[in-house]
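My structure is below; once you've seen it, I'll send some questions.
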């Protein structure tokens, strides 16, 4: 189950990299968050960690539903371009993404030798981090950049849940805190950009 | 000590003879009516009685420098190798000091040239500076090499050692040094391939240009300085590169020495008749030959080994 | 913290000897300086910092005063801004001295193991255990030679010295360069203790080249202070020749010869301090009266400024190493130690040393030519400009300064045995060998230490010269010859300042001979009449040499810096959208390196991963450029 | 204690919302209160626990806290006459103080934090509030740079958190929940089962911090931001925000050194050399004060990191203190230096009249020469000791010659910077036209405080204290 969800997580992320429509991108982000939430809930059940289950539900509500919704609203409101063409050409991405995945597994290989479990999760999280960065690099428009930023948070969260087997509540709060702040700022920035456009 | 003083006085006395002798030889060879060999003395006595014309543009340097041109050279005479057996000599003076004293004299001569605000003076000084700068390393290397062969850095002692025990194993080295020194003798005294003492042509003159504005006593000082300079070089050549005759009895020894001097003068005169004056910028080539021979002499000495 | 051993006290003595006349001169010069307080603060701080360096007992104090010395001298150069070149010179100087400081710093860091408070003796222990002493040696050479001004670190001197106010030039050239020589003595003896043969040879070659290069560039110089600065390079070179010989002899286990060479180097250090300070003071007086540094604008100053002229003449004779002056004596000693090489066994070394002799002798010859030019063009003949016409003798304080300094020169000449005794006791403290009795068996003569070495007797030479000159003079007076005053003969024309020989012309033959070194930039303009080639109304000829080292070493490195900075600038100016890509690549490469170098290393993976890196950079940074 | 520390900030936050006419004067006065808790903290016995295991003041944090609060009060002091040099709206003042308060809270948290999570939260708060501080300068450029800052800062912060989680993951098997605590991590660093995992985490965290400090490849990023913002904000940036990042680096690298000294050293060494390489050539081309100073700030940060990583704790802290005082001082003086035009370097140090002007001129010239570490400056000593530490660590290393070569390269790069600064200093002082410039008392006062702090830093007493920090 865990492996399946992680696979789903990474798959949605990769698909998001090739997406050329904004709403589709938001959808992929939402699915990505969903798999993350389910993952947290599953792991939480298996190790009997209530906080993790709670955070899983929070993720579900916030990231899988609320944030995509808001994002969509915002983009409709500002009439953001729905066409988002990646800067990096597809054939380059096709080469780069598998190379990255292979690299991260290779990177995590010594960890497997040292610790019994979780090394692959670390690898997946790191590659998720790379992929989210790639998402940010790929696009010039602001909206996909924000989604890239959000997927970085997701990969962080993935790392937190899988690799450490549940973190102290503090950090989880931290992530949400960060997330909220980020959204606020992004909104404000949109606002500013808008103003600038009008002038 | 008396002998020592006498030889020095003798050297001073015969110094003016040598230039006159050379001139005489040259004139004879050119089918001219030769001047008397005592022409030098006549010139001096004439200059002594003449009044001195001092240029308005000059400074106190003009009235001081002629003395300082002559006195280092006379001092050098005291340090030359002995010419007869048993004579007192200053054993310790080495080539560097002698070169230094000669340079001191040249220094004042060059300054004198610049003092009169005449363009000739500057011209002469400039050329003299050029030539003597390049002659200095050759001089030091040559004398150093000879001193090594003679086992003593002191010029006087070196001459005696050479007389007592000639280093036949270093003959090559010795000849190289001799050639080098002979070129220096010509260059430093302003003889023909380097400078023509008999002409006042601005294209060629070096020594004469510097003293163009001197007259009377001052000119006499400078002229005697130049003849003494020739004396120094030829006597050094005679003692160091013709090391024989020191063991003869006193009178004979002196005679041999004087003969050697006249022989050198004859050589120079013959050379002067047979060569043309070099262009100024070709002079370094000649001096370069001197430097190279000096080097060669030193190096062959080292390589053949002690 | 502070150390007062023989060496320190000797150099402290040198500093005091140089500073006291300079104080007078400086106060005489003060009315012409606009920022007086600024000048005085830095002036005294400069003197104190020089003293601080020579009495420093540990690395921290040494470095502190060393850098303070650079700082204050830099500020002093900036006291009077005449034009942009002063600013440039100051900057260049400061940069060069800082550059040297870096190497000194590195040297000290290695030999102190990072604990900068330890004494020199403790450093010696650490040094002897260090695996690469030659590396340390080169740090020292680079660090100190850049301050001392030896080739190829000499380029700043001809710029910095002319830019500074004259008392400061005298201090910088006379004393500050010697502080670097102090550093050589201190480090070689107290930190290294033993040295390899090659080091000595290196120093010797550096010295020989410096002396030749210095004098050759001096000859072609028209700026009087730049000329003197170039002569400092020459003299530092001569000191290095002595020092290098000392090192060579010491590593060949010939302590007496070695001590002799070191004494010669020390003696020349003192001599150079005395006559170079005096020359700079004289040049300063001339500059001050005529307000130009260009020698072509001087002429005839001996009539207006006799004291300046005669002290300058004394210093000129001394620096040209003419007997019987002190400059001659120390060069004589250095020659003797070079000649001492006849006694060594190493044949290749023996063959190499004549080249140094050659360099030193040629240097001597050229120095004479150069100082005839300086003295003759500056003080003799007619005024070459109105500036020179209105010159007067300088004020009393400056005169006192110059006279005191010439007394120092004379004292070095007359009291040679005393000074040699001083140097000998210093060398004795460093090397445990005293050769004073061998050098000076009686006060009349100065002996070389090598077998069959030469002897010179300064006092006899001096006395002989004086007596002979007096005899000649008395003879002349007794004749009571009539004098007549008339113009100089000028082929029937009037004598005029324009027809005099110029400094450029004077150096002409030598410049022409060394064209390959000078690579001169010649400007010759003439206004011809009606197309005739030979008839012209006005002609102007000027020559500027292009210094070889500056071109090859410095300007090319400046070019390189500009080029690199251009590319770096371009690299850094990626558009903002690239920031994320940069972070991406950086993260990738950091993780790569950690994986490969920290965990397990294999060449195959390295190659593989670098290929991945290249692709990533290509795709994300370069590829997306269009 | 925690209340005391946060009280001034909270007061400021509340005051900034009120529309009191006098707030312009009250706010700076309130900000002065920052200093007292810091001083008090400094004199309490250490380690002093502020809140349990979470906030602990040890020597290091007390020192950095004190330095930061001195910088902060000087900046607010100089802030009050900002309007006389540049155009600034009235609202901007209170906005500045509002976010300054938040910033200060975040900063206090991160400096005193003994918990990785808490440290991170503090850092994030500080970062986000600075985004708004940049925007107090209401120009298009500032907005653009704020956005830039936001994006890159967010990435950097995410990386830091990512690394923290990895570190936590590596230590959790032996420490459990305590794996978040710096002190216990340091104690048990040797026992970490998967050092590689830890090192990966450390590398990512450090990369995040380095990005935030403007190291390679983000060199111009920081410079542009500081150029776009008001100069007191730039001063805060380089003086305080960087210190918050720096203390994190200090703590993390300390643990990493316990795991493997050499790896940390080589990583930091290569990274900083790369940074200094780029920065030195950028400085060589810099044409205005703000960029110049901020690039030199990056250079000094790199040096501090390098000194710390090579074990020269004393050198790093001394350099840190000197940098924290010097750089804001220069940034503050930029306002006056640039008053005759932004890109006019020539003659910037001329035309100061009156006693205030003279003092300003003197201090600024001194500060300028100090940042290239000329003798009396603390940076002279810190660089000496820092390089000493580097050479020492090189001696332990097997590739000694290689290391010495690298150090020479580093020194050559530093001398390029030196050259540029000398050029600029001379140009400021001796070239260009003389234009009269106005200096205000509060600015001079701020500079004097900086100068006094620098002098205090040079006293044997402070040397002793810094040597005691471990």
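Each chain carries a letter (A, B, C and D) given by its place in the written order, and its residues are counted from 1.
Everything that follows uses one rule, which is that a contact is a pair of C-beta atoms (placed from the backbone, for glycine too) under 8 Å apart; a residue touches a chain by one contact, two chains touch by 3 or more.
The shown structure was predicted, so the numbers you read here are calculated from the model rather than taken from an experiment.
Ranked by how close its mean Cα position lies to the mean of all protein Cα atoms, the top chain is C. Centroids of chain A and chain D (each the mean of its C-alpha atoms) stand 32 Å apart. Chain B and chain C have CA centres that are 35 Å apart. We define each chain's centre as the mean of its Cα atoms; on that basis chain A and chain B are separated by 99 Å.
Centre-to-centre separation between chain A and chain C, using Cα means, comes to 67 Å. Listed for chain C are residues 580, 583, 587, 591, 599, each touching two or more other chains.
Across the assembly, chain B contributes no residue in contact with two or more other chains.
Residue numbers of chain D whose C-beta contacts span two or more other chains: 151, 155, 159, 196, 200. In terms of which chains touch, the assembly is arranged in some other way, matching none of the line, ring, star or all-to-all patterns. Inter-chain contacts, as defined above, occur between A-C, A-D, B-C, C-D. Residue ranges of chain C in contact with chain B, taken from their complex: 299-300, 302-303, 306, 317, 320-323, 328, 331-332, 335-336, 339, 342, 347, 350-351, 354, 357-358, 361-362, 364-366, 368-369, 371-373, 375-377, 379-382, 445, 447-448, 452-457, 461, 464-465, 468-469, 472-473, 476, 479, 481-490, 495, 497, 499-502, 505-510, 512-513.
Listed in rising order, the residues of chain D touching chain A in the complex are 115, 117-118, 120-121, 124, 128, 131, 135, 140, 143, 146-147, 150-151, 154-155, 157-159, 161-162, 164-166, 168-169, 172-173, 177, 180, 193-197, 200.
Within the complex formed with chain D, the residues of chain C that make contact are 60, 63-64, 67-68, 71, 78, 81, 84, 87, 90-91, 94-95, 98-99, 102, 105-106, 109-110, 112-116, 131-132, 135, 561, 564-566, 568-569, 571-573, 576, 579-580, 582-583, 585-587, 590-591, 593-594, 597-599.
Those residues of chain C that touch chain A in the shared complex are 577, 580-581, 583-584, 587-588, 591-592, 595, 599-600, 605, 609, 612, 615-616, 619-620, 623-624. Contact residues on chain A toward chain C in their complex (touch as defined above): 87-89, 92, 95-96, 99, 103, 106-107, 110, 126, 129-130, 133-134, 136-137, 140, 145, 148.
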